[in-house]
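Same chain, two partners: chain A is paired with chain B first, then with chain C.
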Partner chain A sequence: MTAIRRLVRPEQLREISLLILIVLACLFFSTQINGFLSGRTFARVSTSVAIITVVAVGQTLVVLTRNIDLSVGSIVGFCAYFVGMQFTFDRTIPPAAAVAMAIGVGALMGGFNGLLVAYARVPAIIVTLGTLAIYRGLLVEYGNARTVTTANLPSWLVGLQPTNLFSIGDIDIRLMAFIAIVVVLVFQLGLGYLQFGRRLYAIGSNPDAARIAGIPARRTVFLAYVMCGALAGLGGFMFLVRFGDITIVAAQGLELQVVAAVVVGGVNIFGGSGTMFGAMLGAVMIGTLEYSLTRMTWISQFWKDALLGGFILAAVAADAIILTRIRKFWARTELTLAAPVSETPEVRRAAGD
Partner chain B sequence: MEPVLAIRRVSKRFDGTQALDDVSLELYPGEVHTLLGENGAGKSTLIKIMTGIHQPDTGELLLDDKPISIANSAQAQHYGIAAIYQEPMVFPDLNVAENIFISHQNRGAIMRWGNLYRDADAILKRLGVTLDVRSPARGLTLAAQQTVEIAKALSLKTRVLIMDEPTASLSAHEVAQLFKLTRNLRDQGVAILFISHRLEEVFEISDRITIFRDGKRISTGLAHEYTIERAIRDMVGREMESFFHKTLSQPGDVVLSVRGLARQGVFEGVNFDLRAGEVLGFAGLVGSGRTDVALALFGIAPPDAGEIYFQGKRVNITSPEMATQLGIAYVPEDRRQHGLVMPFPIVSNISLPTLRRYINRIGLIDFDRERRTANEFRNRLKIRSESIATPAGKLSGGNQQKVVLSKWLNTRPKLLILDEPTRGIDVGAKSEVHAMINDLAQQGLAILMISSDLPEVLGMSDRILVMREGRQMGIFSRAETTQEVIMTAAMGQEAAS
Partner chain C sequence: MKKVLVLLILASLLAMTSVAIARDVVVAEPGQEVRMLLLPKFLGILVFDEANQGALEAAAELENPAPLIFDGPTPENSVAGQIEIVTNAVTQGIQALMISNNAGDQIAPAAQAALDAGLTVVTWDSPIPSAVGEQVFVAQVDFNETGKVLADMALSILGEEGGQFAILSASPDAANQNAWIAAMQEVLASDPAYANLELLTIVYGNDQSEESYNQALGLVDAYPELDLIVAPTSVGGPAAAKALQDEGLCGEGTDNSVVVTGLMLPSEVLAYVENGCIPEFALWSFVDLGYLTYYVTYLLATGAIEAEPGVMFEAGRMGTYEITEDPTRENGLRVLMGPFSIYNIENIYAAVGMEAPE
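Moving on, here comes the complex of A and B:
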């Protein structure tokens, strides 16, 4: 017990309990769905989770600062459609340019959100609810009732979706999943090691103290939105790769899955705490449930949504009620454990006794 | 005559401090009873006990000679005890009549607007004021809002009305009106507990006076038995504590010069020079504008008139970032709200304003150097914690204050502004902080220290600037002043000695 306690810090309990929940859910679904524990399921789920994860990483940056971005679904849809449309005009666009285009358009849209939230001081929920509709409107206007189809896309792009990087047994790690993992790792390290990451946490947990400490709060929040938009743009590119056929309702409602993943993943909706790993696990949980409930054909679509919603509520409520208590207990035992340590000569010297 | 409300031997302790120590007080119907005391003397705690926000540890409250216990403000209201404060608590979007009757739960489920307006009118008439009961509270002046609060108290058949610094934000004319209302209420048999820091007012309105100091009742008597001198003596009358080890030294060059500094409606006409190695104390009552001057100097709420010279150069400080870059550090009064990021470990709190210095060549945070700095400060300032990884929220008040100090000292400031540096920390940590301030001044730092603790201001400062209601009342040198002189200036009396 002591060894575990030394290894696991109380704030990591959330991630671990979520991991256990994911395993339990998989075990449960394997008894309900034929051939659930297979490479095929993994390939399917991992692709859809990959998109949610990438967007959720961006959302986490914003949520850490006590804000929210509800427009990510529309940004994903717009970027997917926009890049797909460029290919119908010119198939020879190089891959790097296509990705850059998606990220660039996304960043621009995120920047507009950031400008309004950070500099014009409009509440984030209002700004992004507005841009959710505006960006979708732009897509409808730009789309002009046309549809991007797989036939219009270059073969390298269509071929990306089933691309396998490597396999472990019959589990294939696809390119899409790999991209998501890289994004999570890069941003997790950024949160820990960059000044920018520290600033996000500081602004989210005590905005006044952050301001007095001379942190450029507005610029930081603005940049968080730009990055959130850019990652949604990347998500849009992945969306295009995954589906190929893009209509003007592409990725509608994705923002709800993303916010759910972030919250289920233990990122505090009031800012100041949370990790990218947590957001990723949240995305895995949401993606697994979504896929499994779809596979259970005897559950109607309406009930599927209700069950998903019920689960999200349960997960957050469980955190508020049970996990906080466990964490408190954990922290208390840690304190008594630490008491004798303060008697070492080194500490006593430090305390000046 | 029997008292309406009697407080018998009430004591109340908050984790480090004895807020009330065996206090007794009687309130009689038809009297204005004034409670006097410095900030922190226990007045607020007593009010909170009377209105059910706090429960006494020992002692009892008697209403009409029967013991009562007040668990919450609804119960206080039920017993006929109401309070109005400096900032009236009205609902800005409701109109005057709705505000007056907001706490009446027994007026039925259906709003009868006709009755509501008629009753509200009747109450205001009884008070002798004219006010449109249909106008929303938002547009009313502070004085009118207070009238609404008084009308509310009257409509609730209040027997004991607590008025907590009701005059602090009113003009002279409005004060006169308020006093007319107050006397009117008194003549109707209400017992009024009045609190104010303006002594002229106190002597004008009071029938009786009670003086608190350090949580104890020092004296009670009829108003005419007191003189201003006696009241001040009773309020401050403790001996200077002996543990201030102030080292006097020759101050260096002028670090900060302030000329005619003002911010509309908050403070005006602030002039002073501050030299390296000097401690300038800022004394005055809460709300006298001391903190606002500090906020202006640190760029949080920039001034709109006057000049600031820092190290000989005229500067225009518009943001905390800029102030920090110039070499100004500000340790705020409210550690929880403004000083620390509570969930952050000590080390991250210390490096927060200076994080730029801990970035290595490839742009990452150099944790080793960050930890080294934090450990240095932990040893130097004797921060008692398990390690530098302990979250700031888990530390005691004194240790939290040391973390805030470390954080700002690490910016290597030329000017350190301390706002109530020892508020809410225990005696031991307090003298440590004092020793630290003394050391820092010795090392040539210019220090501006705001404090409501008179012995502290007198013990630590080379000179003391006294403010009252946004104006500078004077600068007194350490050698030629006493607690009485400072308190007299802070309360707006001519110096008695």
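Moving on, here comes the complex of A and C:
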């Protein structure tokens, strides 16, 4: 027991409580919708959540440092459109060059955000609200009322979306979902084991202390924005693959879905705590709810957004309650294991009383 | 020489008046200067750009020395942006406004102010619902005809034995789409020829590719017997076709078990017409709509015609039109353009200006 307690802290159980909630939600919807628990549902949710997850990983990097990036929707839209347009001019662009182009343009846009936030010290919400409009405006100007259509895209690109990598029984792991999982794993490991990752937590927990401790806060925040932009660029490429027909309103409002996924996933909006797994589970939670509501055809369209909001609130509230319980339970076992000296002030504080 | 000239002028004057008496059709006098502004719902969508091309064509024909201004708000700022542009047009010396209204009746005060300041205000594509502040509305098609066209395409795709279909619309509060769907439902109910067509549900993709794509997937999951998706929106149609194609329900190598039809742009759905996901669809020409709108506005602004029911005029290559009461609104006048063009694999290459492959 002591060994387990040393290894696992209540904060790390956040993901587990969210996972339990997703399972509960699936069980509930399976009683409402015919054939809900099937490989088809998995394929639907996993592919529709893939793009949000990749962008949410980038967003998490930024949110951990006590900042935010609201321009990701515009970056995704711009990159999807920009790369699609390049194919319209030249269909022979190799796949690797197309992906690199999307990531590069995204990183540039993220870098501009990072410069203003980290070096010019403009509040992140103001900078990224501004660039949200600027990047969308650039797209409108660049787009010049043309639409990227699937007819102009090479066939390998159009064929990526339905590509299935491998199947486990009834469950297909599609390429898009696989990309998202790889991104989550890589960045989760980076957060845990790289100096850069730990610095993000330090800056978000206490910016002043981090600076005094000699952490290059500006450079770290700048890099977080560059990576967030790069991942949004990758998301833009995936967006192009999935939807094919790209207009200048592409991915408008995506930033809100991404921020919702990050917050539902337990990443603290005031920085300093949260994981990539959490962000992914937040995206999966919202994706599951959205898909289920789409399937519940007897519910009026006008109510669906309100219901989705209600479900998300319920999930976050349930998550908070479960987490508090676990914390108290932890404190109690600590108490019984530690010593018979029960009601010391430390214990009471740890119990959250 | 002078006599000949006078005679010529007299003769031409006589000819003009005799035409006017005979057909009562007003013909525009080219070369007059009118500073005109074409205002789309927002910038960056192909249909509005096509309307601008049509307006430019008319401007060249009418030899208006003042250049046509094409300006509009960005997509996310459409309503407030339109009102701002209309308000500013008065002080910027604009003489005639052509508005594709996206702001409902909220734009009426600004449009009325422009009208009071002596500007000509014409709406096209989408009118001001109350008709306050607008002289005449240039309607693309009759909204009831739209319902008939949608029902006919569903019938021609599903055939005599019929089948089940669903509608994928734009937003739940889009006035034109709702009117078309209502008209389609009326046609389905009133004529026994459509008795075998079963409308399952109406869903909304809010004119976003993402939402439309997901809604199309939701439809095929919820209704295994679904045969057809009718999308009266140029964004929803291709998005639904892409979703069905990705799921292997239509396109090459499939039996086209679920397909899409509706109102779309030929250049945006070419790939899906080629692979069978969209066997047939319809639309009016936005180039013609822009062209006709320019003629109406020019005639009104130069005082050649008044905005009154029964006034007839000639709109260049498109022929003669009449201003009538608008039967689809309580108040207001309209010029009805029509008709629909139906597109399929036979004529889509011509529509997008391409050679049909062998």
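The rule we apply is simple: the second predicted complex is superposed on the first by the 306 of 353 C-alpha atoms of A that agree within 3 Å, B and C clash if a C-alpha of one lies under 4 Å from a C-alpha of the other, contacts with A are read in each partner's own complex, and residues count from 1 in each chain.
Simple rule for what comes next: a residue touches a chain if its C-beta (ideal position, glycine included) is under 8 Å from a C-beta of that chain, and two chains touch if they have at least 3 such contacts.
As the structure is a computational prediction, the values presented were derived from the model and not from experiment.
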Greater chain A contact set [chain C / chain B]: C
First (chain B), second (chain C), both or neither touched by A:31: neither
First (chain B), second (chain C), both or neither touched by A:92: neither
Touching partner for A:295 - first (chain B), second (chain C), both, neither: second
Partner chain in contact with A:155 - chain B first, chain C second, else both or neither: neither
First (chain B), second (chain C), both or neither touched by A:273: first
Overlap of the chain B and chain C footprints on chain A, listed as residue numbers: none
Chain A partner contacts - residues on chain C that touch it in the complex: 43-46, 48-49, 74-76, 172, 201-204, 207-210, 213-215, 217-218, 221-223, 235, 238-239, 242, 246-248, 265, 267-272, 274
In the complex with chain B, residue positions of chain A that touch it: 192-195, 198-199, 201-202, 205-206, 208-216, 272-273, 338, 341-342, 349-352
Chain B - residues contacting chain A, complex: 298, 300, 319-321, 323-325, 330, 332, 337-344, 348, 352-353, 355-356, 359, 363-365, 375, 378-379, 382, 384, 386, 407
Of chain A, residues touching chain C in the complex: 40, 44, 48, 133, 136-137, 139-140, 143-147, 149-151, 161-162, 242-254, 290-291, 294-295, 297, 301-302
